[in-house]
Amino acid sequence: MWWYAARRILQTIPVILGSTLLIYALVFLRPGDPIRAIFGDKPVSDSVIEQVRAQYNFDQPFLLQWLLFLKGAITLDFGQSFTGRDVSDLVAEAFPVTIKLALMALVIEAVLGIVAGTIAGLRKGKLFDSTMLVTSLLVIAVPIFVFGFVMQLIFGVKLGWFPPTVGGNTSFYNLLLPAIVLALVSFAYIVRLTRTSVAGNLTADHVRTARAKGLSEGVVVRRHVLRNSLIPTVTFLGADLGALMAGAIVTEGIFNIPGIGNLAFNAIKRGETPTIVSVVTIMVLVYVLTSLIVDLLYAWLDPRIRYA
Amino acid sequence: MSLQPLLEVRDLDVSFYSDKKAIPAVRGANLTVYPGQTVAIVGESGSGKSTTAHAIIGLLPGTGKIVGGEIIFDGKDIAHSSKKGFQALRGDQIGLVPQDPMTNLNPLWRVGDQIKEALVANDIAKGSDADRRVLALLEEAGLGDVERRARQYPHEFSGGMRQRALIAMGLAARPKLLIADEPTSALDVTVQKQILDHLDGLTDELGTAVLLITHDLGLAAERADHIVVMYRGSIVESGPALEILKNPEHPYTRRLVSSAPSIASQRLSSVKAREEVRQQAVQTAGEIAAEIATAEGVVGKGENEIIVVDGLTKVFMLPGDRPWRKTELRAVDDVSFSLRRGTTTAIVGESGSGKSTVARMVLGLLKPTAGTVLFDGYDTAQLKGKRQMALRRQMQPVFQNPYASLDPMYSIYKSIEEPLETHKIGSAKEREAKVRDLLDKVSLPTSLMRRYPNELSGGQRQRVAIARALALEPEVVVLDEAVSALDVLVQAQILELLNDLQAEMGLSYLFITHDLAVVRQIADDVLVMQNGKVVEAASVNEVFDNPGESYTRRLLDAIPGRDLLTTA
Amino acid sequence: MPKPTLPGQERYVAPIDETPLAAVDSVQVDEAPASQWKEAWKQLRKNPMFWVSSVLLTILTIIIIAPGLFTNADPRFCELSNSLGPAEAGHPFGFDKQGCDVWARTLYGARASVAVGVLTTLVVALLGGLTGALAGFKGGLSDTFISRVSDIFFAIPLLLAAIVCLSAVNNWFPDRGFWGGVLAVVAALGLFGWPQITRIMRGSVLEVKNYEFVDAARAIGASNQRNLWRHIVPNAISPVIVTSTVSLGIFIVAEATLSFLGLGLPFSVVSWGNDISSAQELVRSGTSLNVMFVPVTALVLTVLSFILLGDSVRDALDPKARKR
């Protein structure tokens, strides 16, 4: 078990290094001088430009820039944004908001998705199942921002149940509508995933054996169908937190939430290397960490792989 | 006798529904089980024996439904019981020991907890009382070190241990009737015997009636008082066990009795016929050898011993408990034997004995760690390029699983033609003629050429696999459990076919099997393997009549029904 | 000591003519031969989902080839005087803010959206299929290398990666025309989309590689190349086909989302994504839902068709659903 965990943790190191390098390269290859972009049309002296260039390590070769970034990142020093604030401060402000939003979405999709998927799987072919299938397909087919607009219009503007935009007040209530929007797509996948594995597990040999023991249907479903069916769902949920944070770029834009998605989006538009790379690194870290946790959780859920 | 039957099945009809069409699976089945008795239902796959059993316990899969008849259990008709009604019966009235120990335990729960469930659900015991009962049950099922075992998960158990756990589970609530659905067919023969002996003892002691479902007539006759033979959904014959075995009246039962390897091997009816076949094969083989010795372009010196294996060893490196440590697994340890031209050498062993690894190394599919394989005087490891291709032509495999040994995307024609095409033999026309000829040889209609493997039965696929192996006119065919997955009658047919082909073409067979019973029907020499080593090597008669090793004797004793016809 | 026979257990032999003892191993020769794909087709034909999606996709294909069949209006002919004009003869869904015909723009917009979907799927399937097959078949170092590299690409969320890529491309070529725009989106989504297919293909090849027919082919003397391409890949490819069909729809949605963020296709290209994105202001201000409704419906129907097609193909290929 411990060796398995150790190997799994070791494997994440090249992923983190590789993905930051990849993003660094993509941003670095961008044409145009980012320093000029900071000052816009303002006239500045060459010496100032050189100074700023040195400050952002833009005068160093590409690989060295990346290494310097890594060195800083280890001490949580991500450098400064072009507006002169520490990136780590910007992230520290925005990250909790997005994490809150993403976790709310995760809970919503997990609870509703598992419940709906289980019922659909137990009643395969019945009305509820068909309804859930059609609903989930529709949700996957409609772009998330369309949902965002429509729900904002209906529940925010028309009905006034929720504030249409969030702004500075990121309370639970204010974030609820965006969280639902963010959760929708993954909800659809979870319903489908859970349904398939519940329906598949219902016909498993060991479930028949459990029935043969004289267990009541409720006990059979709870102990022998559900737990076995939830393994793929949990795997999906683990990988999904990272995706939710990326999806927050759209949701945060629509509902004007000062989260990390907004920060990233604006930084990308301005070409702010330090901010982009920092945000992407954080998202990759979140992804890598959650899939690590899920893999270890897996060992708890499924005793077969404990000694792998 | 005023004894009341425990279970009476009367005119039972079961159908499965697909696209609203009813497909009958059981038709008009009748059977009676008295308290404490063991009754066996014998039949091949698709005979409806398992369906009958599942109908009795109310666990018909999917679209299965009882459409007619009665199931009277303890005086009440339960055929149309509600879900709740069956739930009350299961466990403490009717128990089940299922077929496949690998899939019938929930991998996510401790074994002890899974047995405890049965106690709690049937109100036998609760809490720590139930825990104590679990330990007693495990001990009763023949498991040692029960406290540790109860806390373990199914994957930490071997197949035999899992089956014991399933037996403990099936008997936990002391049912009056235990349905044992092929309880040991997934296990090695020696384990099978132990477990069945144990189950017998237990049910005798508890007075439990057993309904034993099996494909093995020998096993049924050995274990049951009364036998019911099913064929294609109907009961063709039933009666007292020994009477059925000695005196089968229905033609199907007769075929079953004469084909069952466990019983057939006891009757040396065709020793003379076999000897003739053998003579002929050796003669043909001799002619081929003479040809080879003079011909060019073929690997071979025309030796009498076509394959000589010397000191063959295979060591697998497995990941150990630390990433940098590897554990050695000696799958094959210093195995030597030879295969005479035109004869059959069988390698017999249980799972993990290394017999299939030997076959793969002989075929050149796996590199040996040490040792040599000489094919007609040439070291196969030294052959390169063209000569290696020539060697491939002369040694062909037939594998166990008829569902995996043919590419499902290839038509039967393409499957058999592929070896010819790979070796660029003949024109398209000649190849087609050859394929027709081969199909004819394995007794399949040529109309089959355009069909695909998924349309064929297991036996037919195995015939196609044999045709493919023969396409290149090999001298040696390696049969790796080639008949193990087949039903008895089909198995007998394939063995017969193999015998005929050997005589006709002078083939030499390396016959890998776990089933000592079929060995007598096909082999000349036998190699018994255990844990990678050869424990006994002798002629087939010596092994059967005068086994030198205790392990061989144990294997022989484990053949079900072996003594029935001689002693009774 | 033989026990007395109990009632109900008397010797019974079925009348022989009642159970015809047919040849144990006879072949049914009266049915048409069926390969795996033909069997799948048989299943497909019975599935209404398959027919709904096929009809929709056929209509879509006609629209892409000849959008002029359905409208006489020019999607690029826009007059501000028509801004937000209601439906009229020849303009069944009215006009958008710029005064362009909504129906015509939706019809012509299909090309860009479907082009992105189809091309991205091809790129991803090829790249992922090849790397996955290689990793699964070769094993060892190739496998480790491919797996680790795909891990890296997989770790960066697709949408985020595409945004970074496209913002770089935007800076290089601000206006890149129809194909330039489409290819940029395809490259961005393809570059980060392949690892999913790699994983699926790798797993599938690993499974097929162990089948006995592969060993049988090796024993015949078939080369590794032949084995891989003739036996393993054809048997391993079906999950890739299924996933690709479904993700084709997902890529179309992704393009719309990127366009919504202003990073997808250039504004000069007529596409659903651009139309939906430019209609967002109208929805926000509550001016008109109609302008957004038409392209959204087109997009949803298209994506649904691909997902339904993928689903029905999976059901048809699922061995559990078919008889042995």
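Chains here go by letter, A, B and C, matching the order in which they are written, and residues are numbered from 1 within each.
Definition applied: a residue touches a chain if its C-beta (ideal position, glycine included) is under 8 Å from a C-beta of that chain, and two chains touch if they have at least 3 such contacts.
Everything numeric in this text was worked out from a predicted model, so none of it was measured.
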**Winner on C-beta contact pairs when A-C is weighed against A-B** = A-C
**Identifier of the chain whose CA centre is least distant from the whole-structure CA centre** = C
**Prompt:** Using mean CA coordinates as chain centres, what's the subunit B-subunit C distance in Å?
**Reply:** 42
**Asked** So, what's the distance in Å between the C-alpha centres of subunit C and subunit A?
**Response** 24
**Chain centre separation in whole Å, for subunit B relative to subunit A (CA means)** = 50
**Prompt:** Okay, in this complex, where on subunit A does subunit B touch?
**Reply:** 3, 6-7, 203-217, 219, 223-224, 227-228, 301-304
**Fill in**
Contacts from subunit A onto subunit C in the complex sit at residues 11, 14-16, 18-19, 22-23, 26-27, 29-32, 137-138, 140-146, 149-150, 152-153, 157, 242-243, 245-247, 249-250, 253, 264-265, 268-269, 271, 276, 280, 283-284, 287-288
**Request:** State the interface residues of subunit C toward subunit A in the complex, per the touch definition above.
**Result:** 148-149, 151-153, 155-161, 163-165, 167-168, 171-172, 249-250, 253, 256-257, 260-261, 276, 280, 283-284, 286, 292, 296, 299-300, 303-304, 307-308
**Prompt:** Where on subunit C is subunit B touching in the complex?
**Reply:** 2-14, 16, 18-19, 21, 24-25, 27-29, 31, 33-36, 38-39, 211-213, 215-222, 226, 231, 234-235, 322, 324
**Complete:** subunit B residues touching subunit C in their complex are 1, 3, 5, 8, 30-32, 34, 225-226, 231-232, 234-240, 243, 249-252, 255, 360, 363-365, 388-389, 392-393, 395-397, 399-401, 403-409, 411, 418-419, 422-423, 444-445, 447-448, 450-452, 454-457, 459-460, 465, 468-469, 472, 487, 489-490, 493
